[in-house]
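The following pair of complexes shares a single chain, subunit A, combined with subunit B in the former and subunit C in the latter.
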Partner chain A sequence: MLVTILVAGIAIGAIYAMIGLSYNMMYSTSKVVSFTPGQLGMIGAVFGAWFIGVLEVPLWLGFLGAMGVAVVYGFFTELVAVRPVLKSIEQHLYVLTTLAAALMIQQVVAIWWGTDPRPFPTLFGLGAGLASEKYWLPVVACFLAFIGLELFYRKTLWGAAFIAVAEDAEASRALGILDVRIRVVSYCLAGFIGALAGFMGGQLLLAFFALGATLTFYGFVPIAMGGIGSNRGALIGGFFLGILQQAANYFVGGVFVGVVTFAVFITVLLLVPRGLFGSAVARRV
Partner chain B sequence: MKMKAMCIAAVLAAVSVALVAVPAWTQSSAPPLKIGWLAALTGPNSTPGIGQDRGIRYAADQINKAGGVMGRKIEIVSRDTQGDPTKAVNAALEMINNDKVEFTIGPTNSGECLATQPVIARYKVPSFPIGVVDSLIDTVKFPYSFRVSNNNTQWQESVLNYALKVLKAKKIGIIGDTTGYGTMSVNLSEQLLKAQGGVSITYKGEVEANQTDVMADLRKAQSSGAEVMVVWTDSAGLNSRLMNARAELNWNVPFVGHPVLGAGAVKPLLAKPENWKNVFNVGYRPMSFDDNGKLPEKSQKFVETVSSAGVKLDDTMLWWVGLGVDTIQLIKDTVEAAKSSKADDVKRMLEAGKTFNGVYCTSCAYSPTNHNGYPTDDVVMNRADSFRAGAYAIAPGYGK
Partner chain C sequence: MMPTGLEAIASTDLPPLTRQRPRALWAAAAVIGLAVLLPAGVNQYWMQIGTLAFVYWVLIAGLDLIIGYAGQLAVGFVGLLAIGAYTASILCEKASWPAFAALAAAGAAGALFGFLVGLPSLRLKGFYFAMTTLGFSTIVTQVALGWERLTGGGIGLPGPIFPAPLDSPVGFYYLALGMALLATYLLRNVAFSNFGRGLVAVRDAEVAAEAMGVPITRLKLVTFTLSGILAGMAGALFAARQTYITPDAFTFDLSVLFFIMVLIGGRGRIVGPMIGTLILTLLPEIAAPLVMWSNFLYAVLLLLVVLIVPGGIAAFLERLFVKTAKGEGLEAPAPERLNAVLGQHASPKVLTLQGVALHFGGVRALDGVDVAVWPGTVHGLIGPNGSGKTTLLNAVSGFYAANSGRIVFGEADLAARPSADRAALGIARTFQTPRVVGNLSVLENAMLGAYRQFTTSFPAVALGSRHGVIEDCAIRQRAADALAAVGLRRLAHLRAEQLQHTEQRLLEIARCLVMQPSILLLDEPAAGLSHDEIEHLQALIEHIRSLGVAILLVEHHADLVFQVSDEVTVLDVGRVLAHGAPAEVRINPEVINAYLGA
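Then we have the complex of A and B:
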């Protein structure tokens, strides 16, 4: 039984972790906590199912198509919901604008795709039972995304520019880095990672218009626990949350999953307000 | 000239006499019988409302073509509530106060009905809510409300009777979702089973409707030794996940429960079509195919009649359409029998105990202490994988 809980918990935890990475990617260059990463996961699942399951395009093309839609949506989010409010970021107007962008895409998908969950196709047909690909594909994708991001930050010039903008946008601008362009790229990349979560976890999640709200909610918990901006924190927080949910459901019942999750969440934040891997940020006074 | 004036006077006199001689209600100026129809016609919960809407409009058209109700044409005043209780309450108030409807039908789910029932009751408008929650019908709180469809207790009794008497199970597992409805239904099943005696509840669990994996839950149920799983969720996603997990565990335990176990939305979510075997959903005897694949004669005739009138049945449930037709017909019969559409006259007539023989509610009867009209014996189990032409096959064990 323990194995079942762990396998399912790690799989769903990997999906949460990828949504957390998407949150971080957007936050790093804009300091905006966007409400759209869960919708990116929904786009990955729904458009993956549409391209591969309905249009019957080859797997690789379906993958690119779903990722492409999410990248465009990431771009749209930056352009419409983030850029106009950055000048007055202290007023937290992005809460409204990104929430509006999230609701907009959810409603559009509900009208077009329908409000019933629909199947996500089997991608490779590998494994059965607890070794089924539906459990390990999200985990593999999560680690690839995490390692890819680490390599990107450490080994590429673009990565260095990302870190520079994340550290101090004004200073990086003074050094000639086009921070707006970096921000746009970061939102597109966040779109890719968020949609990857929905696509690789599609067999578990199903292609359902309402996925976005759930993923936005549970994807935020790992980064709050792990420390906003910390990819390592998102990874560990995501796996922890996934296993915690499965264990809570099994041992204390589904009605109490939310209670247990938030009891742990609040406890962690009380003990470590910046999250497990969050760092103290200097504030001008 | 004098002759012409006399002719005109004679014609006018004849018309006047004719107008006086004909009863007032048969004149074209007779006001329409306005029936408010509160239905979720768009949005996630709209599927039943769309089916019922077809029945209501079909019945109203047929009655109007035949002369109406005591000469009054039926006018359906429809509002799309979108499954939102706030919109449903606003729509009910608007149609009662502005449109002056004399009856209301709907809303089409229990959550909305819970919100509208007290409002409609305040205005003493005879109402026919469509929801299964038992408390929607209360002869003291809502004295003008009558239910044509079944209630939740009838579903529960049918499910548990099937599990205990037909499947002969002694160890029962109960699973539902964590919504208010799911939790309430699981607890009600537990209560009813405990009251039965001689039966043990080996597993009781509630899972979130969107839970991605239910293997652990079903393993727990399997290891408890459950011989039948009673399932209470209206989520097609969760129902299909439960069936897929059951197949992965190679556990062929019967699933017995909520109508959505047999919903069309479940089918594409199943890993294999055979995962739908040995699953039984609540249904209705008049709307079920028998062992020979035939509907009861009256229902078959109904299908032919409504189909020839252009009503689509292949993408909806037959009982939804039948419920719509029966409700309108019941209003017509009651108004004609009472010779009045006044609320107190209608209430008195409905409570008189006369049986209404509809197509879905084949023997609908009310009394001053009971405003639930659907006969419990007609609530039966269906084979979940047998849906065709708007109906299911009756589950094994009921005989002919």
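Then we have the complex of A and C:
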């Protein structure tokens, strides 16, 4: 029982953590907390299932196809919902525009794909029971994404430019870095990471249009816990939440998973609004 | 709708009370008449659509206060609707309560949960707060689904049935209409009151609101509670109209719909969101073939409204019907009007700072400063940039906490008091960069100064208390006097954002005067003023002093400081470099060396 909770919890937690990485990626270059990361996960799951399960294209092609859709959606989000409202960021209008972008893709998928969850195809057929791929694929993907991002930031010129824009977009512009281009790329990259969560976790989550809303919320809880901008915090928070939810599911029943999550979320936000790894508050006067 | 006799209180040089134009009253009467007559003219189907619009409006009226006035992005109001609906339905079905008692209970449950939903808004902003409300609405439906014994789970339960004749479609239509009118009345009373101005101030200029003594915590929570009551009652009516409720009826899409109703109407307005509610309730009926796409269209609409018409219908209507107000320019200040403003002002109090130190990390912005400011005197505070002058003002007005030392005002030690309470003690301040509430009129901005002197309670104001209206008129008069005193009288009807920078400085001073402060902290009031304007300012400061107010003046115009001050303190790198009468300080060699120059 304990093993089941842990295995399933870590797998689900890895999915939340990846959604969290997607949140951070968008936030870093734009300082916008977007409502779309969960939808990216939904895209990964639904389009993965469509390409591989329905169209029966080869695995690698299906993967690229699903990722491609999400990258395009990430690009679209930046263009339509983020860029126009960046100038007046203190008005928090991005909350509404990114919410609109999230609802748009959700409705399109609901109409085209249907509102019933459909199974996600088995990818490799490796492992069975608790060692089944559906449990370890998301975890592997999550660590690859985390390490990949670390290497990207530390070892590549593009990564350095990302950090420069994240620290101070205007100053980096003065250095000749095209902050708009960096931002666009970061939204595309966030699309990739978010969709990776849905694709690799598809066998656990199923291909379901409403996945987006759930993942947006559950993927944000680790961010609230770890502090926005901290990938390490997202990872730790994600695994914590995954295991907590599985435990809650086992001990108090599935219906109250959301209640427990919400309780944790509110408690953390009210006690440590900046998260455990978050940055300090800016001066107001 | 204000009793006309009260108009007499308002003197003739006040700008017209734009909110109570007779034309608006006629329009309101026409709309109500139309709504009353509607059942005679249309079939039952359209009448029920009308009922739904009224039910939605009951909720939207409260949500407009939250989104429009307070500027809080509460995207999960469907949760409160659901709580009201389930409370009323459960009480009627399981406990056989009469429908009206259940309606009241739904309002009470809405109040409780509205308060809870509002709590996070005290610490969280923007996305974070939006997410808590979204989470809340998700939880409510999950609990409704899971708690089968009480809610019937996915099968649901019947809604309340109101007693005859309100159980017929026509009867229920009138019940909903009545509730909608009540909600409008509450919204209007709050919106045009002290509290409505306070909410807009919190939304647009939170720091200024604090400096004026607006108790942000209490104001937000009481507003969330009121909107919770409305949403809860709307829920009970919603359940009665549906006749049967399941968790499916309360999807997040409905929340988005509510949000758009307010936004498309225009945030912080009343008629706009009303039209928005009507249009969006009707839209699915007119565009029936598009029903499958309705949620998608709502999302598109949300995006378009935010990006293209952020002011919504209201801004559009105002462009059509309200003549664009033009400024007639500044006029000479009339300081003698101050006597009426500061007439019964609070007892004279001494401000003393003893050994005040304040560090930012390793930087000692203030390093053991002693200053005393006496009633009826002007205390000039000068020093080079970065010497700690503004930091000192911030420590006194409570935006920074001193690391050590004591700040005492009259009898009160200020250490543990938040800014808003310090304002209530009679500490008024202006800011280096003027902080006015751009979307309020100049007069309303000035009226904000008296926020803490307004004694009528929020519930009384919401219910249309006559005492509240009278108080408001008195404050309006005082604000008009204060504007005349600084020379802004003819600009009183403009939105504050239309003023020039220097005019906004004067407005800040007027707003402070309306507070009837014991001490006035001025942060570089002469910056950017012309020679003549500085002379006016000097006369104004001298007149304020003559009425017994203490003034702490931070300023770079050395001439002004030395002419107007009774005492001067010179700060340098957080320490007092010199202190004394202006004539002594002016010739102090250290001061000349560090600041004044040869």
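Convention: the second predicted complex is superposed on the first by the 277 of 285 C-alpha atoms of A that agree within 3 Å, B and C clash if a C-alpha of one lies under 4 Å from a C-alpha of the other, contacts with A are read in each partner's own complex, and residues count from 1 in each chain.
Going forward, a residue touches a chain if its C-beta (ideal position, glycine included) is under 8 Å from a C-beta of that chain, and two chains touch if they have at least 3 such contacts.
Computed from a prediction, not measured in an experiment: that's the story for all the values here.
In the superposed model, A:5 lies in contact with subunit B only, and not with subunit C.
When both complexes are overlaid on chain A, the residue A:253 reaches subunit B and subunit C alike.
With both structures placed on the common chain, the touch criterion links A:262 to subunit C but leaves subunit B unconnected. By the touch criterion stated above, A:26 is placed in contact with neither subunit B nor subunit C. In the superposed model, A:220 lies in contact with subunit C only, and not with subunit B. Looking at the shared chain after the overlay, A:116 reaches subunit B, while subunit C stays out of its contact range. When subunit B and subunit C are set side by side, the one touching more residues of subunit A is C. Once the two complexes are laid over each other on the shared chain, residue contacts for A:204 go to subunit B alone; subunit C is not touched. When both complexes are overlaid on chain A, the residue A:270 reaches subunit C alone and has no touch with subunit B.
Note: residues 110, 253, 255 of subunit A belong to the subunit B contact set and to the subunit C contact set alike, using the contact criterion stated above.
Subunit A contributes residues 33, 35, 80-81, 84-85, 92-97, 99-104, 107-108, 110-111, 213, 217, 220, 224, 253, 255-256, 258-259, 261-262, 265-266, 269-270, 273, 284-285 to its touches with subunit C in the complex.
Here subunit B touches subunit A in the complex through residues 43-44, 177-178, 183, 205-208, 210-213, 215-217, 219-220, 223, 236-237, 248, 265, 268-269, going by the rule given at the top.
Contact residues of subunit A toward subunit B in the complex are 1, 4-5, 8, 11-12, 110, 115-119, 129-130, 201, 204-206, 208, 210-211, 214, 246, 249-250, 253-255, 257. Of all residues in subunit C, those touching subunit A in their complex are 73, 75, 119-120, 123-128, 130-132, 134-136, 138-139, 142-143, 145-147, 207, 252-253, 256, 259, 263, 292-293, 295-296, 298-300, 302-303, 306-307, 310, 394, 399-400, 431.
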